[in-house]
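One structure is given here, and the rest of the page talks about it.
Should a chain be cited, it is by its letter among A, B and C, assigned in written order, with residues numbered from 1 in that chain.
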């Protein structure tokens, strides 16, 4: 099968050359046309970057790098510091990963190593379903179901059990960093699970056989598989990070939207994406809008880098395996 | 002294159990969310809700028909704008993209698909809303199209790569020019797969809120004009959820149920379709 | 270390790992297969196989591809267990113990029955760690020094020590194909199994690497019972003492190799050996 696919690739390359040698103008035109559309994706990305930068140029010129360190966000006094949002984005994403990564890896291992045949597809379908639920509905659920539960049960319990930590101090609002982190965790679960599962399934079976034949138990075999897939699993987690950083609606609805830095996870916070969602339409003067677009530019650049790194890591595993299988 | 093998087997059992519990926990979360949507949504769901306009604040009843229509309008615009370029770009990647440029574009497409949708919203705002000096359905649809393009491109590419080479050879051997082979034979034989890719993209953008906030904005009235703000299910749910009225909250849940059912049915159709046609291959 | 009562096998691992292996009578039967039938789902792939493999000898399984020889080999360490819908009837006995009986410990079985695969499959670790893997997980060594000794010993048995002794810390993927396969043999030898199963171990190698592996196999039978699957009849003739010829899931002939290749009892065997089909 794989050797067949390889042959196909070679042949389509050959065929492309063959058609060029015939110089049939219609074929050349067709090829160029589709190439234009493919290139337009690349152009689009660059165009987006330039547009955002141009529309934030006054803010960029005025605040410089200090924008990132400024702690005060007060549009009334024309003070724009991004630090509370940067902090909120980093902490909420980290919290989300702390919750989601162990769960996702557990599910991915279950699906690729342990699940009985019939189960595998059903469970994978249900986990994918989680990915199909729109962000705004997670937000709705967060406001009316999750945050009351946090306020009435979970946060008081955390405060009484781990209250000595600065993370769990202060009044339990329900709405706040913890709610944001939990919602994000649920939202990035499916992508981390799906990519991890792909990566684990790409590990050649010969590795599992090698471990088993040496007297390894199932779990010990799984550890061999995990070691083999390490780069790809890291990629899956970083892909999840990219999603968590850019996620907007659900977080906006539950994180409390207060531009302050607080150690307690119970306190309201704010992320880059949610401040844009909340204040963009209310931004009353040019510099305010530009400051928000500059936040967008920062978010865009960070997610670009994060996604690029993740993609390369995932490819490094799945492609390498494909090559090995071809030999 | 503990038998080391027994210890290893205990570890094995515990870890296997732990992965099983992870799976159960995730399913429990899924059912907790879906269960609440159904339970809360059904209460406010009735024919009026689906066919009437919202009532003024304070009056009960009314519906979100304008938002359902608005969402469909936005998705329609997105399909018109995004479908052709997505499919043609996917064709290029599948048929001519086995080179450095092709792989790089593939990479960029994946990255673009991971861009936060709110960024796409800002882009569409600066590109369309600012020059037109008004929020519009067109701007919203364009933003959704930008989100659709990378998804359609990659699914089209993957489906077309599954078309057997013999099919192309057969047609080429008859002396047909390559573009006719690609469009008439390859694309047609992959049409079902491409259609499911498009449906997946539709399901994805149907749930988008962030890119519509400052493009299509939202509305409380009937509107199908392309150059006017238009309501959408997602933005309506967002507005209702934030509002301080219990009535609106109930309607937000009902809207969520409608949206989830629309998306769920699309996904289910895709899954049934891909299963019967391409069983064994990844959709 | 291990309680004797728990051990399903009559031979104690401890004894084997410390003392010099005892010389047993040459034709002591080691592995016995009795009336074995094997199915993948509804498809039967092995039919009523009965076969006795002697201790400290090399037994080769030959036959055209798809004849079930690899499947049969994999029943000997229950490697088919991981294949869904695989089903087995009949008995496989090692040293008289049915390895498919309920309560049989598969992990312990596989410690005693090592396996080498068609394609070398080293772990993405250093050369040293590859060989040490089985020793570590099975906790067969008590100290770092013992570990070093047993790794060296295994590499020497696999005729690889001289080539890798200066780069034990380097990745196993840096080795050539033949070296990787011998590393996998060393990895299997390190935990001191009784039986070694080889599934076309040289099919992916060049002639020189193949020759090294063959020499190794011949030497291994001094201490181990070796079962090798091969599609290469010359190889079977060169390395094995007994040969079993399979066709369409059935055992056609099982004889001393010399007899099999000089005057086979069956017309079909002769046709296959002389290249008239297959």
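General remarks:
What we mean here is this: a contact is a pair of C-beta atoms (placed from the backbone, for glycine too) under 8 Å apart; a residue touches a chain by one contact, two chains touch by 3 or more.
Just so it is clear, the model here is predicted, and its values are computed rather than measured.
Of all chains shown, A has the CA centroid lying nearest to the centroid of every protein CA atom.
Interface comparison, A-C versus A-B: the higher number of contacting C-beta pairs is recorded for A-B.
Chain geometry summary: the mean Cα position of chain B and that of chain C are 52 Å apart.
In whole angstrom, the spacing between the mean C-alpha positions of chain A and chain C is 46. Chain centres here are Cα means. That of chain A falls 16 Å from that of chain B.
Contact with two or more other chains is made by residues 217, 220 of chain A. Shared interface positions of chain B, defined as residues touching 2 or more other chains, are 8-9.
Looking at chain C, residues 107-108, 137-138 sit in touch with two or more other chains.
Taken together, the chain B residues at the contact with chain A in this complex read 8-9, 11-12, 15-16, 18-23, 25-27, 29-30, 32-34, 36-37, 40, 84-85, 88-89, 91-93, 95-99, 102, 104-105, 107-112, 114-120, 122-123, 125-127, 146, 149-150, 153, 161, 165, 168-169, 172, 177-179, 182, 203, 206-210, 213-214, 217, 234, 237-238, 241-242, 249, 252-253, 256, 259-260, 263-264, 267, 271. Residue ranges on chain C touching chain B, taken from their complex, read 1-3, 6, 105, 107-108, 137-139.
Residues 7-9, 11-13, 15-16, 19, 24, 26-27, 29-31, 33-35, 37-42, 44-45, 48, 51-52, 55, 102-107, 109-111, 113-115, 123, 125-127, 129-130, 132-141, 143-145, 186, 189, 193, 217-220, 222, 239, 242-243, 245-249, 253, 273, 276-277, 280-281, 293, 296, 299-300, 303-304, 307-308, 311 of chain A are the ones that touch chain B when the two sit in their complex.
By the touch rule above, chain C contacts chain A in their complex via residues 77, 79, 82, 84, 107-108, 110-111, 114-115, 117, 119, 121-125, 133-134, 137-138, 184, 187-188, 191. The residues of chain A lying in touch with chain C in their complex are 117, 204, 206-217, 220, 224, 227-228.
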